[in-house]
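What follows are several structures.
In what follows, chain A forms one complex with chain B and a second complex with chain C.
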Partner chain A sequence: MQQQPEAIITQIFPDLPLGRWAQLVAITVKQDDLYTVCTQLRQHPSLDFDMLVCLTAVDRTTHLEVIYHLRSTSRNHDLIVKTELNEAQPELPSMVPLWKSAELFEMEIYDMFGIVFKGHPDLRRLFMPEDWEGYPLRKSYNANEVADNYLKSHQLLINQ
Partner chain B sequence: MDVVQKHFEDFPGEVYQDKSGHSSIIITQIDRFANWARSNSLWPLIFGTSCCAIEMMSAASAKYDWSRFGFEVARASPRQADLIIVAGTITLKMAPVLKRLYDQMPDPKYVIAMGACNITGGPFMTHSYSVVNGIDKIVPVDVFIPGCPPRPEALLHGMMKLQEKIKGMKAYVIEKPKK
Partner chain C sequence: MENIIGSQIIQSSDDEFIINVGPQHPSTHGVLHLQLKLDGEKIVDLKPFLGYIHRGIEKMSESLNYKQFIYLTSRMDYLSAHINNQACCLAIEKAIQAEVPERARVIRTLMAELTRLASHQLWWGSTGLDMGAVSPFFYAFREREMILEIFEETCGSRLTMNYCVPGGVMNDIHPDFVRKVKQIIKQFRDNLHEYDELLTNNPIFQSRTIGVGYLSREEAISLACTGPVARASGISCDVRKKEPYDAYDRVTFDEIITTEGDCFARYKVRLEEMKQSMNIIEQLIDNIPAGEYRTKIKGIIKPPAGEYYQRVETARGELGIYLVSDGTNKPYRIKFRTPNFSNLGALKPMSLGGKIGDLVAIMASLDLIIPDIDR
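And now, the complex of A and B:
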């Protein structure tokens, strides 16, 4: 049976707001506290989150949200860590020192949302071409116009 | 010389043969003759980028068999092909590749756009940052085959329409795309 880490988390982080999201325990962490909280989640023996299953971002138009899905293979429990950040200065500490799997996830999020992960060993575009303009999954992005500009600037159009 | 007219259903012209059967006379126009030969021996380039390619492979295989209509030899090199069947979504990353392959093909060359994705962008038409909305922006298209994906019968129909189109073209004037 899957365990729920609710009790241990309220004991270790009494200040953090704790909720439920799709039957999983979710905590919301401030941008500045993220790395210290994640280090404790990774290293505390009774939590032992040794696996970063998924790392995604959402554009909520007022702010950007980054979501970490953590799993502990030894304790058999899951946790969602959410953090909100300002669209004007999207910076987060990189989680590569804690979980190696964060490397590609962070590259993808940088590619699609333009969030800079400080301390990432090789932060560059993963899917889009190197000379691509802007970040496609931002809500304010005009995709068709940028795509047309890309064709034009690479001289691919038939009537050029 | 006494000659007898022979009847060949598909041949675009008149054929006469003498009684011995050794020498023949053909009366035709060079355009009609060249286009007849050309349209019955189109060499498609193997170029599939998504699910339309599965239907294209099916059309090439024994069940539908496009070699019945003169599309016998599918080529893996653009330098040996004169028809490109664009089967599948063309992304912005793939667009330079398609353009280069088209430029490498020797004239006369023809393009078939197969499926919704490369006619208009299809399901990726609006708000897509990665898909070319219609390959006719990049290469001149001769025949569009709608469908998602089109069945092999539709592909064969489109290819036969291309043959009809070729038969109406000027054989030794390369018709460049309109600017």
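And now, the complex of A and C:
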């Protein structure tokens, strides 16, 4: 069964608020401290978060929330690291030096939310075409409008 | 020298040249586009280009309600369609705290294992096809066809079954279900020696897979590989064991782990997993509890605001559902952590330094489903 890493985390990071995200232990980290906190989580022998299971983001309309799901295969525990970002110019450090799986995950997040990961080896649009405008998974992106405009500009609409 | 291929530019020296594999290549089993940098026959660099089958399932889910979006996930990993649906239903049931009847739990688990069997059989057939052996495909489809017929009888369709609903399953099993499942299990066990004779002990197949496409344990962890790919590199990661869901807590089975990490190890893991799936089915098929197959759930599902997470083991690895609800009848945000997306990352370390001919063997052993990567 899953162990809980709460005790060790409160010991190492006494200032960080400990919470829950979908029944998993979660910490909220400031944008600037993210890389140092993640490095400690990766390297601390009794935490040993060696796998980045998932990286995702949620557009809360006022800000962007980026969620790192970490797992330790040796200690068998999970942790959610959450950070909040300004929507206007979202930038985060790349986690590729710590976890290789971050490479594809960060490309997807860049493609869908427009978050720039500094230090990423090959940041490009993964799914959408290179010249696509807008970031589809943001709440301000209206998919119906985009589809209508596309059909209109290519004269494919039946009831003009 | 500059080579312009598609919209991307890759720098290369005079000795190296660049070729494109896909998006329409038989060995990629879908529209995966790889750009290879070659030095003679040796692969020096590899870059995947995706998006040829990107449908935006995550965005579409935000405009559908909780009972509708489940069935979009059948189109992600279409060979594990039922398991994808099951994951969504489990996440929703967790959110609204619905009790699922025992009968539904067992039926779901049986269907999930049959799906896994059918998926691995297709993989086994196409692996042979990729290595130039045509006959395994027909042997694999002989058994797979029978499983699909069972699905058709009970659910009405063969591949994208749409059988799971929040609170149970769509309808009760067909009266012939138990008899036919027992029949297919018996036939498959009787025929298993043919699988070994055709591929496992075939010297040509062995020389193309043993020692090819090595993935170390550390690398597999760092790349977040799951499923048979990770288990062949010695990582214990079976969600059915770690966090049992539905009826997996009442069955005994082995988690197959080997440490060789090459293509043949991944082949053996999947072959053994088929036997374990049959074990699970045999334990459950005679003990399907009587009673309701579905609890009544309100027509409009409105989970309380918050986040929910559920993971399941599909035929290819760990599928995670991250559900963010704002209290309305539509999901605010839904993220599918699909197994093939992470496993794709392993393609580069496996094939670098190898011959271009080995790439086909490596892709066959990774068992990638492209719609699951693109979503």
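In the analysis below, the second predicted complex is superposed on the first by the 146 of 160 C-alpha atoms of A that agree within 3 Å, B and C clash if a C-alpha of one lies under 4 Å from a C-alpha of the other, contacts with A are read in each partner's own complex, and residues count from 1 in each chain.
Here is the rule we go by: a residue touches a chain if its C-beta (ideal position, glycine included) is under 8 Å from a C-beta of that chain, and two chains touch if they have at least 3 such contacts.
Just so we're clear, the structure is a prediction, and the values are computed from it rather than from any experiment.
Counting the residues of chain A that each partner touches, chain B and chain C differ, and the larger count belongs to C. Of the two partner chains, both chain B and chain C are touched by A:P129. In the overlay built on the shared chain, the residue A:A7 is in contact with neither chain B nor chain C.
Of the two partner chains, chain C is the only one that A:E103 touches; chain B does not reach it. Residue contacts after overlaying the shared chain place A:A143 against chain B and chain C alike. In the superposed model, A:H154 makes contact with chain B only, not with chain C. Judged by the document's definition of touching, chain A residues 128-129, 136, 143 lie at the interface with chain B and also at the interface with chain C. By the touch criterion given at the top, residues 128-129, 136, 141, 143-144, 146-147, 150-151, 154, 156-159 of chain A touch chain B in their complex. Listing the residues of chain A that touch chain C in their complex gives 2, 21-24, 50-54, 56, 58-59, 67, 69, 73, 76, 99-101, 103-104, 108, 112, 122, 125-130, 136-137, 143. Chain C makes touch with chain A in their complex at residues 7, 47, 50-51, 54, 56, 58-59, 63, 219, 221-224, 235-237, 242-243, 306-309, 318, 320, 322-324, 332-333, 335, 337, 341-342, 344-345, 374. Interface residues of chain B facing chain A in the complex, by the touch rule stated above, are 92-93, 95-96, 99, 126-133, 136-140, 177, 179.
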